[in-house]
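By written order: A, B, C and D. Residues from 1 in each chain.
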Amino acid sequence: MTHLGYLIAGWGIALGTLGLYVVSIIRRGRDLARRVPAERSRWLTSTDDGSRG
Amino acid sequence: MTETMVTTGTTTGSGGSRVLGAVTLLGLATLLLFAFGLTEPDVRLHPTTGEEIGQFDAVRLLYLHVPLAVFTYVAFVLCAVASAGYLVRRTPWFDTMAHAAAEVGTVFCGLVLVTGSIWGRPVWNTWWEWGDVRLMTTLVLFLMFAGYLALRRATVDPRAAALRGAVVALVAVLDLPLVNRSVEWWENRTLHQKSTLGELKIQDLTLFTLMLGFLVFGLVLAWLLLHRFRVGWLEREDAELGVATAIAERRAAIDGGDVDAAVGEDA
Amino acid sequence: MSRFLADARLVAAKDLRIEARSRVVLNQVAPFALLVLVLFGFALDADQRTLRAFAPGLFWVAVLLCALLAIQRSVSVEQADGALSGLRLSGMSPAALFVGKASAVFVQLVVLEVLLTAGIIVLYGSEVDQPLLVFATGLLAAVAVACTGTLYGALASGLGVRETLLPILLLPVLAPVLIGATRAFDDALGSAAVDGWSWLGLLAVFAVVATAGGALAFGALVEE
Amino acid sequence: MVELNAAVALLGRFPALTGVDLRIEAGETVLLQGPNGAGKTTLLRLCAGLLAPESGTVTVLGHDLAAGPERRAVRRRVALLGHSTGLYEDLTVAENVRFWARAGGLDVEPSVERVVGALQRLGLDDGLLDLPVHRLSAGQRRRTSLAALVVRRPELWLLDEPHAGLDQAGRKVVDELIGDAVAAGGTVVVSSHELERVRLLSPRVVTLAGGTVHRDTSS
């Protein structure tokens, strides 16, 4: 396979960055979800229309 | 259903988003298989000399780069639409969506620039091509949204952050055609697309892999937006709870004697 | 409408009078503009031919750097001692306030551009082939920069990090102005064979959008 | 005139007002007192339409201040004297007073007599007229700010510690000014730490603490 270094660098950086970003989002979400009571997480209830606030 | 109920309140995940995540990961694995295993490298014969030309295996980067680029623009347009929605309706839903789309879009945009540069080195023989319209437009877009995120981070008052962010996002997207047009006129030697995708021997399998790339990165964008939106929503709820607590604490801490002493009144 | 114009004139006259008294732009920004031209000369280690070829671009980069300072000054005039609260409290139409502030910046930018034009003629040996094109480009670009800058100055106002945030917010947005004005000057100063007049169209579109959009958005920002 | 129901106002994320209920009739003079950080300044800024209420309702001069356009409408009709004096350092006293009068909605340039009159009302002699503000003392600045308000003749006066930084003569001038405003049918809300002086001005004293009304006496 030609250009193997470029391929690994390109795909590696992209997937690695996305992976780190996903982990950071999940972490932030966990921290916050622990502090906010479940009834205020609107995606857990289907009746809330989201126009609150 | 019962499974999701057990874990609720501790993550931003939900039943639907977990299915989405699993499908996305599966799609990503399939994409890697096609991009590296099943598709052929781009090799053509020069019409006159008969030499082997083309992008060779560097073409495999395009299955990543092109979908990322398209969905960068999708994310930023979504951000602008949500920002306009915020200016009209002033509800937190629009603001949270705009912020989520801007952040995910900026990550995508950064990766487009990096993967583009890595692909350009072997194919165009340069890391950076100044005269290329899309490259320059994308860079300016990246800088504008980096500024957007910096502005939001620097603004303490959430309402002011939402308002200022909405203005910046709309200006950025309105400015985009002008940036694009000016770079295009600036140097009429665009290397992009026509000289690459257009020349590619688009075989069925290549085309299929590219379409698969669009599908997979569309799913990645959807997953990221969904979760980033929920993080933003929780941040707002958390801040509201904090304010409610602070109000209760302030009111509970009022001490009549201290007040009288402070204002110099005899109790 | 007359109320609108009267308010805008009041604000512009006030800002210009403050500048006439304090001379911050004249005594600090204008010398800085010339300094930038000299620094480009040092950095490029160049004979006049190279400098003359690059003069349009260097000119507009210098204008943008000076514009940043002029805009910072325009914002800080209102921040000192709570004047912005006063202006919001006055109930004046935000669009009039915007037009007034932007006009004052515009006047200062035009003065700086005249100075810089003299600077490139003397220091870089540039020759003005088409004075009318230079004039039109200078005016349109100044409108575009003054309006965008006034809007972004308001966006970043009241933040502790205003000085550092304003450039990163403003300069990418002004990229088309830099390109357009540079290309038009390339033609007007005879440093490249391009059609400068066609670039004026782009500058004009930018200037119109920046004025109208700025006046609208400024209202929303001042209301906050 | 002014009516607040459970009004909450935030500064950033800090609840500066934690639920204020207050009703002020037209022509009334109300004195605000309270320890530092009790929310006096925020309450005045809220009533002036410079802040949006986070929750609760605030109605001033018939405008519901939850909406942006209503806040803007109310701003023209009130005068707020804040801690910062709101003057341009490089302009002269006369230029400042004229500018703020015009900006505040006077259709014509106030006549020299009117500006001089306002300044004299506040005990500033006309020798100061053409002096730039940065040459003035703190007390003179405060008087200039007041003069800029006087020229506008507002319906509602919101004065945030108008006595601070003034000498005895200056304080007396401020008291007279408040008396005149009331006599002219204006409504006045004054915050002050000067209990004795305050008591002489009006029987109604509202004490703020912890961002809410702690006591409201009309003795």
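Quick note on the criterion: contacts are C-beta pairs under 8 Å (C-beta built on N, C-alpha and C of every residue); 3 or more make two chains touch, one makes a residue touch a chain.
Protein names from UniProt, one per chain: B = Cytochrome c assembly protein domain-containing protein.
Just so it is clear, the structure is predicted and the values come from calculations on it, not from any experiment.
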| item | value |
| --- | --- |
| Chain pair with the greatest number of C-beta contact pairs | A-B |
| Chain B and chain D, separation of their C-alpha mean positions in angstrom | 47 |
| Intercentroid distance (Cα basis), chain C paired with chain A, Å | 41 |
| Centre-to-centre distance between chain D and chain C (centres being mean Cα positions), rounded to whole Å | 37 |
| Chain D residues counted as touching two or more neighbouring chains | 52 |
| Residues within chain B bordering two or more other chains | 159 |
| Shared-contact residues (touching 2 or more other chains) in chain C | 224 |
| Which chain pairs touch, all of them | A-B, B-C, B-D, C-D |
| Touch list for chain D against partner chain C, complex | 45, 48-50, 52, 68, 71-73, 75-78, 80, 82-91, 95, 99-100, 102-105, 132 |
| Residues on chain B engaged by chain C in the complex (per definition of touch) | 87, 140, 143-144, 146-147, 150-151, 154-155, 159-160, 163-164, 167-168, 170-172, 174-175, 178-179, 181-183, 185-186 |
| Contact set on chain B toward chain A in their complex | 8-14, 28, 32, 36, 41, 56-58, 60-61, 64-65, 68, 91-93, 107, 110-111, 114-115, 118-119, 121-122, 220, 223-224, 227-228, 230-231, 233-238, 240-241 |
| List of chain B residues in touch with chain D within their complex | 156-159, 239, 242-243, 246-247, 250-251, 253-254, 256, 258-259, 262-265 |
| Complex interface listing, chain C residues touching chain B | 148, 151, 155-156, 158-161, 165, 168-169, 171-173, 175-176, 179-180, 183, 198-199, 202, 205-206, 209, 213, 217, 220-221, 224 |
